[in-house]
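Both complexes shown next keep chain A, but they swap its partner, so chain B is in the first and chain C is in the second.
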Partner chain A sequence: MIRLSRRRWVIITILIAGLWSCVALDLNPAGLAIGAGGLGLAGEFFTHALHPALQYESAVPAGTIPILLRSLQAAWWTLIFATTAISLAVAIGMLLGFTASTAWWSEDLTARDTTWRRIITAYLAPAIYGSTRILINLMRSIHELLWAVLLLAAFGIHHMGAAIAIAIPCGGTLAKIFAEMIDETPRDAALAMRDAGATPLQIYFIGLLPRALPDIAAYTLYRFECALRTSAVLGFFGFPTLGFYIAASFENLHYAEVWTYLYVLFGLVALVDWWSGKLRRNMLLWTQTTA
Partner chain B sequence: MDTDNSVNLAIEQLHRQRPRSRFVRYSVCLMLLVIALSWLLGDFFTTDLFNGRRLQNLQRFLQELIPYPLQGRAFDWAIALDWLDKILADRGWQALGTTLAISVAAIVMAGCSSLVFTLLAARTLSTTEPFLPAPLGKHSRFKQSAWWLVVAITRLMLIFLRAIPEYVWAFLLLAVLGISAWPIVLALALHNIGILGKLSAEVVENLPTAALASLRGLGASRLQIAGAAIMPMALPRLLMFFFYRWETCVREATVLGMLGFVSLGFWIQDARARNVYDEMFLLIILGAALIMGGDLVSAIVRALIRNNR
Partner chain C sequence: MLLRNVSVRYGALTALDSVSLEVQAGEAIALVGPSGAGKTTLLKLFNGAVRPSTGEVSVDGRILAALSPAELQQVRADTGFIYQDLNLIPNLRVIQNIVTGRFGRRSLFGSAVDVLLPSRSTARAVYRVLEQVGIEEKLYLRTDMLSGGQQQRVAIARALYQQPRALLCDEPVASVDPLRARAVLALLKKLSEDNGLTLCVSLHHLELAKEFFPRLVAVRNGRILFDKKPDAITDQEYTEIYRLTHAAENNNGEPENTHQ
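The block that comes next holds the complex of A and B.
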């Protein structure tokens, strides 16, 4: 019997699972060999990648803004939904991240001198902690687009619905990560504060949170990039972001226009990617010099 | 009094020496500005948010979330279970299985093919003299710029792949390839190649170079180095990213069916189109359960890998 390391077992399992799913989905290379019509379509679509439209491909009603301006406008709307959603999500994340961390009630950081405090740490805090964790998991486990579908069904189409649809799962994820980061912050300062007689809230907001802040900010930036992509996709549900125009142009067979919008989306994402990367590196430098 | 003063002075001095970055400060200002503009210009506060019609709509929607056979009567376990069983047997289980298979097939494809791009995008490997200090003037300018071009093109392609959301890839590929599992799987795979390729390239670039440099010094080729040293050294981290991305694949797979391939998203869209909100809600909850299960499996496997270096 050959002894395989766990790592190798994991890889073998992955490959078997991959094969199983290909069989279950009936994926065979023949399925990729598309018919002449499909091939023509694919060829036409991808050759347009080299010359995206600078003008509309068909006549448009007088007064329509030029396509380049319109794509920038759609990019701006994409940005609006994403920023609104991320600012909501940060508020949610901070609030739930606080209640989902153990730092404000865990044994080593709280003195149990009064009966009240003992009751809180023994019963109330774990209950709040536990229910927040469940709430966070529910928020995270339903996809943004499904939240959008639910909110659309409940309220009809409304911009606030789109922002909230992105903010709920994003806020849940931020809360989870914030809580983990705060709990993993070195507790030396916090312990010193406890010994000096600080209350758990003081310890939390002065001893722990500021030290976790650069990591929290860096992760929030990463989530912002995800929100931007989701915001673009929400166009498929009728909101005025890039997805709306991608779908509309594609359905009218205006492939060059599709590529214009795709390139603008690419540009927007790449710009935010570059900017947040630079910001993250700057903040990383920051923590290293203070450490 | 005197010590107080000196403490204050020390604090003031520390405060003055705090790290400051003009870029960070301007960025924060810009961010606050964009957030304020978004809230102001986004039409989020139109007056009809809570008008009578919307509230009525909301009330009806909430009532219709209750399973249909149970509406307007006392709760009964037998009826509820019967309703649940019927939907699951009709399409629930099959949809769950398909969705899971889509996510697994996509991430395995992405994982395998991203390895190639990882090696091409790693600046330490894709260069004229990998891991060794370059002897001056030994390599032609042409060779150097050729390698630079390889890295640049690979990275640009990876950025493009991950900038386009899975949903958009799937939408485009479905029209081009016709309705089958391929477009959905490929869409997920393409986006994840972009992400895995970038993350893994960073892992490869950050590997300790001593072993790699000595292999190169002994005359190993790039592929030999990759197979004998880079892969074994980078594998635990790569597997971490693999499972982390698989979680997101499961997440995305639950909605990609909305575009027309029969899986969970398809039936959710279908129930929505028929205004059968109780069934739609059940299917959404099923998707959430699948995602939670995926997260759990991934967390367990990642813990296994972490503890077994």
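The block that comes next holds the complex of A and C.
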């Protein structure tokens, strides 16, 4: 019997699980090529990548705006949905991020040992903290698309529904990350404030939050990129983002049109990535500058 | 400030062992001894950041253990502490760091205003404190743009802005070259004389302590070795503490024969 370390057992278990799931799904590369003339279809689709449509592939009603303009318009909507969603998510994240953090009630940052303070530290704060953590996990464990389905069922196609569908899981994630970033902020200055008689709330908002802010902003930008991609996909449900036109053209087998929209989406995502990457780099540089 | 038979234990480790020490208001003393001897713990007893395991600490005749939380907070607000690692917020401006010194006397709203939109009178008060430490032109600079020495002056200014009655300084010259060390100690002496503050400084450099302080308290293994005027220190005591501090430095700061 070979004796394996705990870590090796974990690695072997993961490998076996991976292989087994491939077998369970009956994965076979050959099936992809032969299945139902799929190869021809795939070939046709990908050859259109070389010449995206500059005009509609079939007759359109008079007065329809040109495809290039329409794709830009859809990109604009994609951006608007993502921006609305991230704004809501930041508000949710800041609020729940506070209640999900331990810094404002942790004992080492509490100088004043009053009865009221003891009740907060022992019962009230842990209860708020625990229920926030559960709430955050619920928000995060349901995917944006599932939230969209649920909200569609509840409110129909309403723009607010799409924004909220993105904002809920995104806000949950932001809350979790914000709380962790603030809790992990170096506490030296916070302890100095405590020794000078500051209260935990003063310490949280002035000793810890500003120091975590550059990281918080950088992470929020990253989440904005994610929101943008989701916003495009939500078009599949009928919202006027790029996904809507991609799905419509795809159903009509207008592959050249699909590629036009896809290229605009690539362009939009690349543009936002570039812009937010630049901002994030500047912010990190800004935090690391030392004399 | 008075310590009576104070012991401090962290688990099995005894940081201070039955120490008694009295510091008069307005006095300037240096705590000398190798690192790990208990100097920092001793300083932290005076602002209530460390509680004695046995014995009692009193400040201005009031026993800290008997104070209400609000009174203890008042004692803390009255005591300025300058940390060895400075403990500033690096990405805030100098003025923003300094206003945090007075948070013990400010509401949450008031302190947020101080940080975000300081009033003219607040800015003037901070400017005056910075003048005392000689870097008033750095008022609106980001703290981490300053040199180490300037950052130390910000930390001193923050403690002064607190309007304390005593200044406690933990190893203010530990990582400073000798020339600048003299400037820092002279500044601390001058500030406490000008403002009528009690000054307690921990140092492991005996020569500097002798040069600046009329009273030296040597700490070793959590006990007070001697408590004298500089010229009353015998050669034997001098060599003993000197040997220990240097043994400590040569040992990567790990003192010999401490905490057994």
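Keep this in mind: the second predicted complex is superposed on the first by the 271 of 291 C-alpha atoms of A that agree within 3 Å, B and C clash if a C-alpha of one lies under 4 Å from a C-alpha of the other, contacts with A are read in each partner's own complex, and residues count from 1 in each chain.
Keep in mind that, in the parts below, a contact is a pair of C-beta atoms (placed from the backbone, for glycine too) under 8 Å apart; a residue touches a chain by one contact, two chains touch by 3 or more.
Just so it is clear, the model here is predicted, and its values are computed rather than measured.
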Chain A superposed: clash or fit between chain B and chain C?
clash
Using the superposition on chain A described above, determine whether A:145 touches chain B (first), chain C (second), both, or neither.
first
Once the structures are superposed on A, label A:123 by its partner contacts, choosing first (chain B), second (chain C), both or neither.
neither
Go through the superposed model and pick first if A:211 touches only chain B, second if only chain C, both, or neither.
second
Taking the superposition as given, does A:232 touch the first partner, chain B, the second, chain C, both, or neither?
first
Look at the residues of chain A and decide whether chain B or chain C touches more of them.
B
Just to be sure I read the superposition right, which of the two partners does A:160 touch: chain B = first, chain C = second, or both, or neither?
first
For A:27, is the partner it touches chain B (first), chain C (second), both, or none of the two (neither)?
first
On chain A, which stretch or stretches are contacted by chain B in one complex as well as by chain C in the other?
286, 289-290
Which positions of chain C touch chain A when the two form their complex?
47-49, 69-70, 72-74, 76-77, 79-81, 83, 85, 87-92, 96-97, 100-106, 108, 111-112, 115, 142, 144-147, 158, 162
Which residues of chain A touch chain C once you look at their complex with the stated criterion?
111-114, 117, 188-189, 191-193, 195-199, 201-202, 205-207, 210-211, 213-214, 286-287, 289-291
Going by the contact rule at the top, pick out the chain A residues touching chain B in the complex.
5-7, 10-11, 14-15, 17-18, 20-22, 24-27, 31-32, 34, 38, 41-42, 45, 79-81, 83-84, 87, 137-138, 140-143, 145-146, 149-150, 153-156, 158-160, 163, 229-230, 232-233, 236, 243, 246-247, 250, 258, 262, 265-266, 269-270, 273, 275, 278-279, 282-283, 285-286, 289-290
Counting only contacts in the complex, chain B reaches chain A at residues 18-19, 21, 23-24, 27, 34-35, 37-39, 41-46, 48-49, 54, 57-58, 61-62, 97-98, 100-102, 104-105, 108-109, 111, 159-160, 162-165, 167-168, 171-172, 175-178, 180-182, 185, 235-236, 239, 242, 251-252, 254-255, 258, 268-269, 272, 277, 280-281, 284, 287-289, 291-292, 295, 301, 304-305, 308
